[in-house]
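What follows is a pair of complexes built around chain A, which joins chain B in one and chain C in the other.
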Partner chain A sequence: MSARRFSRRTFLGSVVAGAAAGPFVWTPARAQGFTWKRFQGKELFLLLTKHPFIDVLEKNIPEFESLSGMRVKWETLPEIQARQKMTVEMTANSGGIDAFFTSLHVEKKRFWKAGWYHPLNKFLADTSLTSPDFDWNDFTPGAKAGVTQSDGSISALAAFVDANVFFYRKDLFGPKGLTPPKTLADLEPLVQKLHAPPGTYGIVLRGLKNANATQYPSILFPMGGTYLKDGKAALDSKEQVAALEMYTRLLRQYGPPGVVNFNWYECSASFMQGQVAIYMDGVNFASQFEDAAKSRVVGKVGYAVLPSGPGGHFSPIYITGMAVSSQSASKEAAYLFTQWATNKANMIRELMAGVGVGRTSTWDSAEVKAKPKMPADWYQAYQASLKIGRQGLPEIVGVTEYRDIIGVAIQKGIEGAPAAQVLAQAQKDFQDLLNRTEG
Partner chain B sequence: MVRGGAWRRRLSTAGFYALAGVFMLPTVFVFYWMLTLSLKPQIEATAYPPSFVRFTVTLAGYREVFTKYPFFLYTWNSLVVATGCTLLGLAVGLPAAYSIARWRQQRLAVVILVARIIPGIAYLIPWYIFFRSLRMVDTYGALILTHLIVGLPIIIWVMISFFEDVPADLEDAALIDGCSHLGVFWRVALPLVKPGVVATAILSFVFSWNNFLFSVILAGRQTRTLPIAVYNMISYEEINWGTLAAAATLITLPVLLVALLAQRHIVTGLTFGAVKQ
Partner chain C sequence: MSLGRRAHRHAAWLFPAPAVLLVAAIIVYPIVYTGWMSLQEWFASSLTRPRFIGLANYGKIVLGDARFREAVARTVYFTIVAVAAETLLGVAMALLFNREFWGRGLLRTLAILPMVATPTAIALVFVMMYHPTLGVANYLVTTVGLSPFRWTYSSDTALYALALVDVWQWTPLIMLIALAGLASLPREPYEAAHLDGASARQAFWHITLPLLRPTLVVAILFRAIDALKTFDIIFVMTQGGPANATETINLLLFNQAFSYFNMGYAASMAVALFALVMGSSLILIKVRRSTAW
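Moving on to the complex of A and B:
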């Protein structure tokens, strides 16, 4: 009797103890399912960049705060200043940044070599950390390749994907019965037909050194050229010579005056002022073209995929992503933010605002189709370009130096120097750079 | 005869103003351009060739500066930092310059100049570590101290030559009459170099006001200064010209005011001749 009573008391006692220990005992079990609230009460600091993607995202950060129960502080600086701040913070090993917006086309290899990206592979595979509807495979192959390093480590989640597309003036093409070029061979005769200075110039592309390096691959890739061959510089191949000849000849003969010093700003301004018939650049510019406060060509711009060539059909893409800092004390919590920032719901919001993203599912989203901000051919050109996307710049440490090297060659070419000659010099400089910074 | 002289005088005055106008034109024109840009809608701001006379006037740029950004906070921050940097710079720099001038401490002067010659970016990482460990990032203190690296050498170097021009006989006279060295500095030397003090104060204020690099790294959201605010108008593949020019105009105004107010002190003074050589 007393033994039974004793055992009952022990039983009751153990129940009480179990209830008291409950929250701790149950933690591993709870971790098996995904929950946004897992790091409730934590505080995150983000270093963001002035960017259309961030403009949209910032407005929704309070939503993440209530979803996760975390507090988020952030600072938004222009890209170059953000990079300076990032460098100082990371070199000082401050641990002050938890997540950051990263221009992978410039920083990918440099930051990776410095060890500033926390690899996300394990987080992505962990079902307790990754929401079941996140779907990594929803990102296009180009977007996935853009955030993945040569050793397979994933440095960021792709946020904004900029693709080079073909902008043209429908109101100039239409009356002449012209259509966007299918191949590079069609491009030059087309430009020639539209060239009617001083009212209309045939084409505009970036001429200024460094800036021009992101537009050059629009001709180089379909021509069959590459930056590297077996790890060595390949700037003097015959494809490179043909591409540089074409790029510079188009600008020399059919570009607006002074194009040799045009950065994206002068190019897009001349196009928006209605002075140019054809412009090839990042798809993101379109939201300015279609804004009546900024552009005189609203509704007159057609969007198409870039022409193909003997080397194939490509669109140079440039990826910006959300990354977790390797020095953060709350990497998992920071990962929740990067994951939220690039999830389907947020990407649909971006696309509706006319900001290009690399998630396939967003393209057919009913919301986007119901209220498109951009013309239908913009969405089509963008999707088609992402499918043939290839990283627009060499994935090396010295991206900026490379851009200067090829940039000078292009500028000299526009001024009339023979392509083979300027590329021979560029090849030498580029190989020197590779010897210095790679390997 | 008299009328001819008057004519000649009038002509030479006209010539002076015409020449001054010619030399000022490039500078003033840039300001005018900035002003017109701040009043134009974006579509006209990017028009080529730009129109300087006829354009649609809009205050949208100014409205955006005040509604989209905490512009008053930035202005206050800039004022606190620039004033703090200038006052502290004068408090340290004037005695230093006096001592260097009086006792010919040329080496010391060169060392101070070296601090100014080294590019500012070289200081950034050590400073950041330093201020972070003192928990001073995002405080006025850190900004004022770092801006001194720009302001202090200028104050000292300009003031050295001013102090050298103060006749030693004047100071000796004061010493003989029983004034201490500090008293000589405070009562005799300093009042005589007042124009120099005003000029260097303006320089130091302007340098601090315009400093961008240190503020980017060491300021946070609460202490961000005006030059960073201008950069907020530059986004990825887009520049908001109207707002940028509006912000730039507003940022230039206080500096212009300070310079105009202080100018009086530069022109007057310099009433030397207390000693007959």
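Moving on to the complex of A and C:
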């Protein structure tokens, strides 16, 4: 796995090199060790994204200001607009952004290839820049892999880790003696038993193109499918056909009407309205289900890991992180902020607010256990999913374009087109995209 | 020569100069720049610079890209459906409001309200109304005995559902322009026709419509240009879906530019859309000048 490239050896190597250089090269910072106040008086500008993680973080930024003596200014935009602003600012080489919140599942390779992430490997290995209690190895393997590029460079520090899980209505399962499915083979018969329209529909998954591409791997991965085989498009494999067949059949036969254009918003709305028995989506939506002001199913929702399949047991995960801009004039100061934003104390705050993070230690922290915001099975399902986490989308430059390609195939499938036929077209378009952008 | 005299001599170009410069900066420059960009292969990034590829982007949109061809056909179809419905309804409403009746002023004001609303806000409201199980549209449809529709939630009906929003919002514009046209019509031809024993229907077909034609062509021109480049309601309501069923040129080029960051390719689509709007406007203007329908 690519994360391992930042191994203990390289870490120790650079520490030793630093220590060896120490006596001969006089650097005041190194002599003093780590201090948050090192860049006192500097000003940072952050580009942030509207996101539950950021909602929690923003409230604590003044704390960082007094800790570091720096002044922090920031702008929080919706994800798409933030990405557009980022692209414009970076293409124009404005240098106005010091650190930014990045959706790695979409931006990882594009931004890396464009040279917008400042690699953090050296900073992480530098004991004068990284707080002794930061502990890089506290991040789960999936979270580390998610922020590490194919050449071993670390592009960001993992912040929020989303995992797809299985939501179900305990009050509908209980009386029929049903339990969450262990395998994909159990899923369809189960959905069939619960399907009683128009009161209750068996299942809901995202149908809207592009959005559906993040949910499709919940079926595709256990089916044994992959996006790429030896660097070539693999959308027409028999595992792909079986997976798309199943995903679309479930929605066509047991989904609520109009599901073909449902984004997460419509999906969670129908689940919270009590119209649907089973819903598979990102684990973070659960906090709404348990909010009595928004949901009619408070306390009735069970949480479980996704079913496994012939190809194995996976949970598609999506990682966002804090990154340092390669165009920043104060990269080291910006790194202090990214480090602070993803340190243990802040991650515990996130978890207590119901935002999942990829730091192992936080899950067992006494604070979280004492005041759980969510039901116990939510924490269990989340933690178990992180252990079987796999990056949910292909790590390519044209992620958005890929999502549209597979997204349209899924929508055509839901509307009744044969899986093999729509995937043949998708395969052609996807390979064309790879030829254009990956060369 | 004194400064004052020199300024006086050159007043003809000195005074309009600021305005000309402003127009050049905010209109001419972006158009020329877009044309220039359309000749490049450029993925927005700071490492790879734009690469000049001549007319290759145009070759691709004309010959290679089925998605673009479908988008063109869809854009034209959407425009024809929406504008035809708006013209029929708009003229009918204008004829109605051209008569004297009690409460006319109030009703006329109410009728033009949709035009004043923000398209994005309207689109959001229609999204809720169109929801297949929770929306009010299907409730209304079923109360008059029809079976429920999928509206924007099926690729068979989505384009029509969007056209309906456009019709709802923009019919009043055609009505307003047609009303102005009706008010300016001369009375004499009607009196002559009346004396000759023409029926009301004959008067409408042979006098009102031909006289109204230049006004109507202007109204249709305005609406057609606008409908060809509709973006907001489609972006908010369907994002081009389901399965690209409502992806017009504008949606496609937005995706190319700001989702895939294919700037050069998107620019060539923008130029193509510009040519389409320009071409259809020229045809309509020609229709207006010619004497026969």
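Quick note on the criterion: the second predicted complex is superposed on the first by the 408 of 439 C-alpha atoms of A that agree within 3 Å, B and C clash if a C-alpha of one lies under 4 Å from a C-alpha of the other, contacts with A are read in each partner's own complex, and residues count from 1 in each chain.
Keep in mind that, in the parts below, a residue touches a chain if its C-beta (ideal position, glycine included) is under 8 Å from a C-beta of that chain, and two chains touch if they have at least 3 such contacts.
Bear in mind that the values here come from a model prediction, so they are computed numbers and not experimental data.
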- prompt: Once the shared chain is lined up, is A:N284 touching chain B (first), chain C (second), both, or neither of them?
  reply: first
Task: State whether A:T437 touches chain B only (first), chain C only (second), both chains, or neither.
output: second
Query: Between chain B (first) and chain C (second), which, if any, makes contact with A:K294: first, second, both or neither?
result: first
- prompt: In the superposed arrangement, which partner chain does A:A125 touch: chain B (first), chain C (second), both, or neither?
  reply: neither
Message: Touch test for A:T91: chain B only (first), chain C only (second), both, or neither?
response: both
- request: Return first, second, both or neither, reflecting whether A:H51 touches chain B, chain C, both chains, or no partner chain.
  value: first
Message: Looking at A:E79 after the superposition, I want to know if it touches chain B, chain C, both of them or none. Which is it: first, second, both, neither?
response: first
Message: Is A:Q273 touching anything from chain B or chain C once the two structures are fitted on A? First, second, both or neither.
response: both
Query: Between chain B and chain C, which residues of chain A are contacted by each of them?
result: 84, 91, 269-270, 273, 275
- request: Show which residues of chain C lie in contact with chain A when the two form their complex.
  value: 43-48, 131-134, 148, 150-155, 158, 238-244, 255, 258-261
Query: Hey, which residues of chain A end up touching chain B in the complex?
result: 49-52, 55, 73, 75-79, 81, 84-85, 88-89, 91-92, 94, 96, 264-265, 268-270, 272-273, 275, 282, 284-285, 288, 292-296
- request: Over in the complex, which chain B residues touch chain A? Could you list them?
  value: 41-43, 46-48, 124-125, 128-129, 132, 213, 216-217, 220-221, 228, 231-232, 234-239
Statement: The chain A residues in contact with chain C across the complex are 80, 84, 87, 90-91, 93, 110, 113-116, 198, 207-210, 256-262, 266, 269-270, 273, 275, 327, 397-398, 400-401, 404, 408, 411-412, 414-415, 437
